[in-house]
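Just below is one structure, and these are the notes that go with it.
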Amino acid sequence: NENNEKESIFNEPKIKSMFSSFSKKLDEDNDRRERIVKNSRDITIASKRVISLLQRAVWEDKQEILKQSKQNLQPIFNLFGNIIKELDQQEYWKFQKAFTNGVQEYIEAVSFQYYIEFGALIPLDSILIPIKEALNLDSLGQFNISIDDYALGICDLSGELMRYSTGCVTVGKYDECFKICDFIRSMSSGFKKCHLNKDITSKMNTMEESLKKIEKLCFSIRIRKSEFPDQQIKVDINDMIE
Amino acid sequence: MENLFESFTEELEQDFQLRQNIKEIMTKIEPIDRKLSQMVQTYHQVNNTMSYQQLLEEIQPMKAQIDQLKLLIKPVLYYKYRDYWKFSITQISFSLIFSYWVEKKSLLKIDQVQSILGLDENKPGSFSLELEDYLIALCNLSNELSRYCLNCVIKQDYETPSLISKFISDLFAGFRLLNLKNDIIRKRYDSMKYDLKRIEEVVYDISVRNLIKK
Amino acid sequence: MENLFESFTEELEQDFQLRQNIKEIMTKIEPIDRKLSQMVQTYHQVNNTMSYQQLLEEIQPMKAQIDQLKLLIKPVLYYKYRDYWKFSITQISFSLIFSYWVEKKSLLKIDQVQSILGLDENKPGSFSLELEDYLIALCNLSNELSRYCLNCVIKQDYETPSLISKFISDLFAGFRLLNLKNDIIRKRYDSMKYDLKRIEEVVYDISVRNLIKK
Amino acid sequence: MENLFESFTEELEQDFQLRQNIKEIMTKIEPIDRKLSQMVQTYHQVNNTMSYQQLLEEIQPMKAQIDQLKLLIKPVLYYKYRDYWKFSITQISFSLIFSYWVEKKSLLKIDQVQSILGLDENKPGSFSLELEDYLIALCNLSNELSRYCLNCVIKQDYETPSLISKFISDLFAGFRLLNLKNDIIRKRYDSMKYDLKRIEEVVYDISVRNLIKK
Amino acid sequence: MENLFESFTEELEQDFQLRQNIKEIMTKIEPIDRKLSQMVQTYHQVNNTMSYQQLLEEIQPMKAQIDQLKLLIKPVLYYKYRDYWKFSITQISFSLIFSYWVEKKSLLKIDQVQSILGLDENKPGSFSLELEDYLIALCNLSNELSRYCLNCVIKQDYETPSLISKFISDLFAGFRLLNLKNDIIRKRYDSMKYDLKRIEEVVYDISVRNLIKK
Amino acid sequence: NENNEKESIFNEPKIKSMFSSFSKKLDEDNDRRERIVKNSRDITIASKRVISLLQRAVWEDKQEILKQSKQNLQPIFNLFGNIIKELDQQEYWKFQKAFTNGVQEYIEAVSFQYYIEFGALIPLDSILIPIKEALNLDSLGQFNISIDDYALGICDLSGELMRYSTGCVTVGKYDECFKICDFIRSMSSGFKKCHLNKDITSKMNTMEESLKKIEKLCFSIRIRKSEFPDQQIKVDINDMIE
Amino acid sequence: MENLFESFTEELEQDFQLRQNIKEIMTKIEPIDRKLSQMVQTYHQVNNTMSYQQLLEEIQPMKAQIDQLKLLIKPVLYYKYRDYWKFSITQISFSLIFSYWVEKKSLLKIDQVQSILGLDENKPGSFSLELEDYLIALCNLSNELSRYCLNCVIKQDYETPSLISKFISDLFAGFRLLNLKNDIIRKRYDSMKYDLKRIEEVVYDISVRNLIKK
Amino acid sequence: MENLFESFTEELEQDFQLRQNIKEIMTKIEPIDRKLSQMVQTYHQVNNTMSYQQLLEEIQPMKAQIDQLKLLIKPVLYYKYRDYWKFSITQISFSLIFSYWVEKKSLLKIDQVQSILGLDENKPGSFSLELEDYLIALCNLSNELSRYCLNCVIKQDYETPSLISKFISDLFAGFRLLNLKNDIIRKRYDSMKYDLKRIEEVVYDISVRNLIKK
């Protein structure tokens, strides 16, 4: 931060020294924010990759995919560690906008993984504890996933589950679709009870759309099953052709 | 899943209540802000008698409100709710700084403003006048002084414009020392260039007509 | 000029206070609206146990709030402030009408809704469920039933879709009798056609597969 | 269901008819509004001969139209249909206020405008010039005077700009007393600051060149 | 310049009056349009008894209105004001064509529609059903028949869907002969593809289930 | 229009013949419209060039510019001739949207030229007669510039005059500015009396903006003149420097 | 300085001319695109006789146009103007790929399409069929084949659906390998699942009814 | 088919990487741009000591960055990514041109700027300062010099304004030769007239008061 002396000739030198100290403080904050944003972006990218991978669980070996997705989460823990280190004392909310996107995407990924493994909604603890353990920390300090980020993350989960269930139909996993339909309906109903803020309300609309799409899928499965109730629906094409 | 959503509901409800309380306090701070803005306006009139002291008196009830806010909001949540008072506090700071400059021809520093308003010093989680807001107040100052400059000439005060010119030139040079991102301050700083230009035109008019006594 | 504006202040202040009071009441009505919307959603579940009776119970505290509004607002000002409650009352009416239809397969009339909510009959200046709002609620009904239709099939209920089809077809015919100039209702009515089409597709799917017992 | 919708038809039809009648009356009020706007424009010309008296003559037929509106619309429905005439009446009021100020250098009060237009005094349900509309008209006044100011100088009238400056400065101070929550007035008020600034620049230009006779 | 603007004013006033008169006539045509649309809807019901003859009777008063329009509008201005009736006449034509096809399984030609509505043959300046509007009516027909197709199956009429499929396939092939620009017809034609697809699905469902008697 | 027989196999041949006749008619209209649009575009381009040229009258020899601009209008007359030929009997309004832009731009150009030459608003006749004469026609038939096009064209004139007057200030033609200010104010006032449609109303706003800009120019001229009333304002820079 | 400005004018003019020329060529390519789209539609008809050979003949004039484009556009400017032809070339590629598959039950590769259309191989600046566009064409293929599948059954061709099913399954497996961003291809890929679902329903319908000869 | 899809993935990844790399380089160019803009501002101060040489030193690191961009971006892709650096390079060019003119009273030509910045000469695909950008830089120059003109007078430098006047007159005459479309340059050209007006007012003010020594 070498300010060329010649270029700024002040009538009042005090103003210069004042602004020099401002400059230092602003730069510190900005640099910190930049580093946090970068970590957050990396979290987003890695999380999106995990989601992409998990979508393949429809067609490939579920256990294998789960295993791999857990490995892929490892590097994310370190990124969280970096962010936590940047946050000093009471500054969680000062920089929250800088990392909220990454946190949300991570929650989307990890809740998707949890659903595929256990068929249930991930509790907040199950998100925080692995981070703590991986980073070898007793506590995350004030770094606590906010209720808003958690809510926004699991709203997006519904979109991924909708895509997942469309995949399920193409391979004949019909029960899975009905389960997902119930699951999302419970989530949507849970949210409806709350005094929601604007961000969540707008994402809720997306969730409703996903729910309607899954309902349509379930409807079409039911209607086909009803016509020949005793028949297995899924046909192995390769058998037919040979 | 139901337990989960019940704790959700509770937490969101608390947040909602807190926000209601903050709004309540703000309805007491906003009239002060309005009053001060009005006082600043009178400085532009030919027959102005406003004084910095009067502003200080008007500001008295602020401290009590700030104290209430401090009680209400845990340090860790300070930044979460800051948007509620950010604008008013910036405006009030500007009014004080403007009045002070016009009277003393000198800049009220950030820590001076803080102590007047009963705010804490600038450190994480403390309830303070943020640097960012102080800078915005300085941008407002530049804008108001460029207008004040014209009104000085109307009152046949030909000395003050040069002082304003020197001061805003310094302020502008000060901002140039900052590494501004593409944010709101950057935008306001960009428009400060027009204030300076306007002030230069006034000084030019005075200068070319030789109105100032050398 | 100051006297002039001081008299204005008073008038504006009264209006402001009245609006604050209305908002206050609305914060008590809105949770009821939210609760009812959620109850309506459970009807789509496979193992639904919701009943119209439960909605009626939930609605109890409404009357007291409506009475407060009536006290607060003079008939001549009714239309000035109507926008505050218009949306919530429409939504609540819809929830009741939907639940009633699903249970009784019959339409809750406008005067029935009015007496449930403690609203007055429809005449100028009375605090009532406006015809316009009732019609919007019916449009919402059509939309929700088109979704409910799919969920019936999921529950292997193949009879209800035909009833819905017949009902919405009648409702749609009713709307066509109206000379709709009101833009919002007109738009909603236009989209009702798509609801009907969706419902017919469900009935078609049931019918072509011979799933309904003759 | 057909009976139900037939009864709706009647109600909707009445509302439709009433709206048609209002529109009919408005086609007679609008040309007056247009005419007055045009008369206001001529004030900006160098060789202007327009007088307030001429505007008053032009406004004569208004009263009959206002009386028709009063007959047509029951007090309880006043606010339901107000949007139809709100804009025109605001505009007409502005034209009168502008012309009056230019001629008498004094503000036409709200009750004066009301009696000129055959409107009732301001109270709930009465067919009046609403305070809100009068305030908007004052905002328009500020804007038009800031333009008029330039045109005075073109006509080599160097006295009027100072009067305008003083008047708008007072008006602006008056608005600052109000707790403005209404978004439109608030916005217009914000832009009034720019009108004032423009006017001050004109006074500055006159003043720095010593054009005004002391 | 004033003379010039006086003749302006006059001409624009005439145009305004003419438009008012046309709107007046349209308020008499629109209910007919609405009535016919409603009649078309009843075709979809299971217990439909509507007949083409009934539509023809409903259409009777149209001719008088069309004659009035012809009197009002000089041939050279026909295209200037066409937008006022374009939409209604297209809709009415569609209703007639739909009803005719369902009853006779054959297409009502453009000149047949013209003579029913008392319109002239298609040539410059004549008051006619424009080709463009007839084509839009055919697009509407395709859309409505795709819906009718489903309702046939619900009524256990398994023959009509094949006829519809053949007919819409021809119609679609017909449109393919046209060089469509990127205009509204092009857009409607593009969506006709979805109608055809839907009809094919119905024929598929019937066909794979062997529901049609060979 | 050679429709490959093989590709469209109709169940009902009558539909084919019906659409074939439709196709012919549509193509005729579309081709006609295309040709009209093309002529209209050429009129627009040529008119814009004339306007550009006329703007230079501030700095260059006015008479020369006027002469040249009149020459440049010549080819436009033929384009009008082409459009008139395309319009048969009662079809002026059928294709009006296809040539309205060209007509408006032409009116803008020719009214600008007229103002520079005579300092007045061009009457409708002075627009039509030259076209008639150039094309050697007794009458333009139903081709009559509509009141709307005329109004829209002269609304745009105000924008060009505003630009022209800004130029005038830079070369010290101050009287010209005051004249233009009066002229536009009269136009604006004239329009205000009329029952305007939406298109014109929206262009009127642009005219008002232009008027306000010119008023500001006039104001600044007046204020400078007032300070040294006996002094010529314009200074020849070259004199000063030498 | 004059030379400088003349060369500027020239350059701006050249860019304008080039765009005009490209548009001109596109008016010759677009009818080919339209024609091919129409030919693809006839494949769905029961009595279809369309052949891939006919499409190839129709495509003949393309090469000349492509060559003109190549002459016109220097490699360095290729991406500057690509949006002009991108859409048409994607559509044409799709039409060829569809027709080829229906006839040969095999996929036309990207380099085959390139050589048919006279395009160059895929490398920076070469005038080629971009990968992105080829992928979009494959998405279109999936969609069109899902429709074609139904029409095969209507024509009592029970073999082709299985082939389609196998092929689209493979194609889909290919798309699964892509790391798609949230872009247009991702969207099309998501909707491809619905095509696949529809195709498998057809195969199931055939299988469960034993319509296929083993 | 797998290979096909793998190469797709790769290509998409490359584009993404390239954009990241460009952005990275831009974070090094932008501070230079900001720094130069600040240096330009100091020219307006009374006690300015800034020199063109200092700007040249500041610009040193640019070449390395430009070279990196050249390495990164193949000529054929130049226009695909140009928007990333377009704005910064225009700004930097302006700063250099302004400083050069103030010091040498002469215009820095486009090829001089190019060689200072390490850019190539103007031809398709070469990494150069585009004509369009240079023109924008000249518009910025006109605007900044009109401000500089006033500040000269304040510093009692009465010679420079005449030089500026002559120079901007010439520049403006150059722009008049351009056939400008309704684009950004046209807009800037229109506003250049106001710069010219302002400059001539200054020259007039000096002349009428005999401030210049003959």
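Should a chain be cited, it is by its letter among A, B, C, D, E, F, G and H, assigned in written order, with residues numbered from 1 in that chain.
Note that a contact is a pair of C-beta atoms (placed from the backbone, for glycine too) under 8 Å apart; a residue touches a chain by one contact, two chains touch by 3 or more.
Quick caveat, the model's predicted, so the values are computed rather than measured.
Undergrad: Using only the C-alpha atoms, find the rotation that maps chain D onto chain G and quote its angle between 0 and 180 degrees, to the nearest 5.
TA: Rotation angle between the two copies comes out at 170 degrees.
Undergrad: Using C-alpha centroids, which chain lies at the maximum separation from chain C?
TA: Comparing chain centres, H lies farthest from chain C.
Undergrad: The B-D interface: which of G-H, C-D or C-E repeats it, judged by over half of the contact pairs being the same residue numbers?
TA: When the residue numbers line up for over half the pairs, the pair is C-E.
Undergrad: I'd like the Å distance between the centres of chain C and chain D, where a centre is the mean of that chain's Cα atoms.
TA: The computed centroid separation for chain C versus chain D comes out at 40 Å.
Undergrad: For chain A and chain D, what's the span in angstrom between their mean Cα positions?
TA: Centre separation, chain A to chain D: 55 Å.
Undergrad: Averaged over CA atoms, how far is the centre of chain B from the centre of chain H? Could you give it in whole Å?
TA: About 35 Å separates the centre of chain B from that of chain H.
Undergrad: At what distance in angstrom does the C-alpha mean of chain E lie from that of chain B?
TA: A distance of 65 Å separates the two centres.
Undergrad: Do you know which chain F residues sit against two or more other chains?
TA: Expected reply: 8-9, 193, 195.
Undergrad: Touching two or more other chains, which residues of chain B qualify?
TA: Residues 169, 173, 176, 179 of chain B each touch two or more of the other chains.
Undergrad: For chain C, which residues count as touching chain E in their complex?
TA: Those in contact with chain E are residues 169, 172-173, 176-177, 179, 197, 200-201, 203-204, 207-209.
Undergrad: Would you mind writing out the residues of chain F in touch with chain H in their complex?
TA: Within the complex, chain F contacts chain H at residues 49, 52, 56, 59, 163, 166-167, 169-170, 224, 228, 231, 233-235, 237-238, 240-241.
Undergrad: Taking the complex as given, what residues does chain D use to touch chain F?
TA: 31, 34-35, 37-38, 41-42, 44-46, 147, 150-151, 153-154, 156, 158, 202, 205-206, 209, 211
Undergrad: Which of the residues in chain A end up touching chain B in this complex?
TA: Residues of chain A touching chain B: 3, 8-12, 15-16, 18-20, 22-23, 25-27, 30, 88-94, 96, 120-121, 123, 142, 147, 151, 186-187, 190-191, 193-197.
Undergrad: Can you name the residues of chain D that touch chain C in the complex?
TA: For this pair, the touching residues of chain D are 1-2, 4-6, 8-9, 11-13, 16, 19, 74-80, 107, 109, 122, 124-125, 131, 135, 170-171, 173-175, 177-181.
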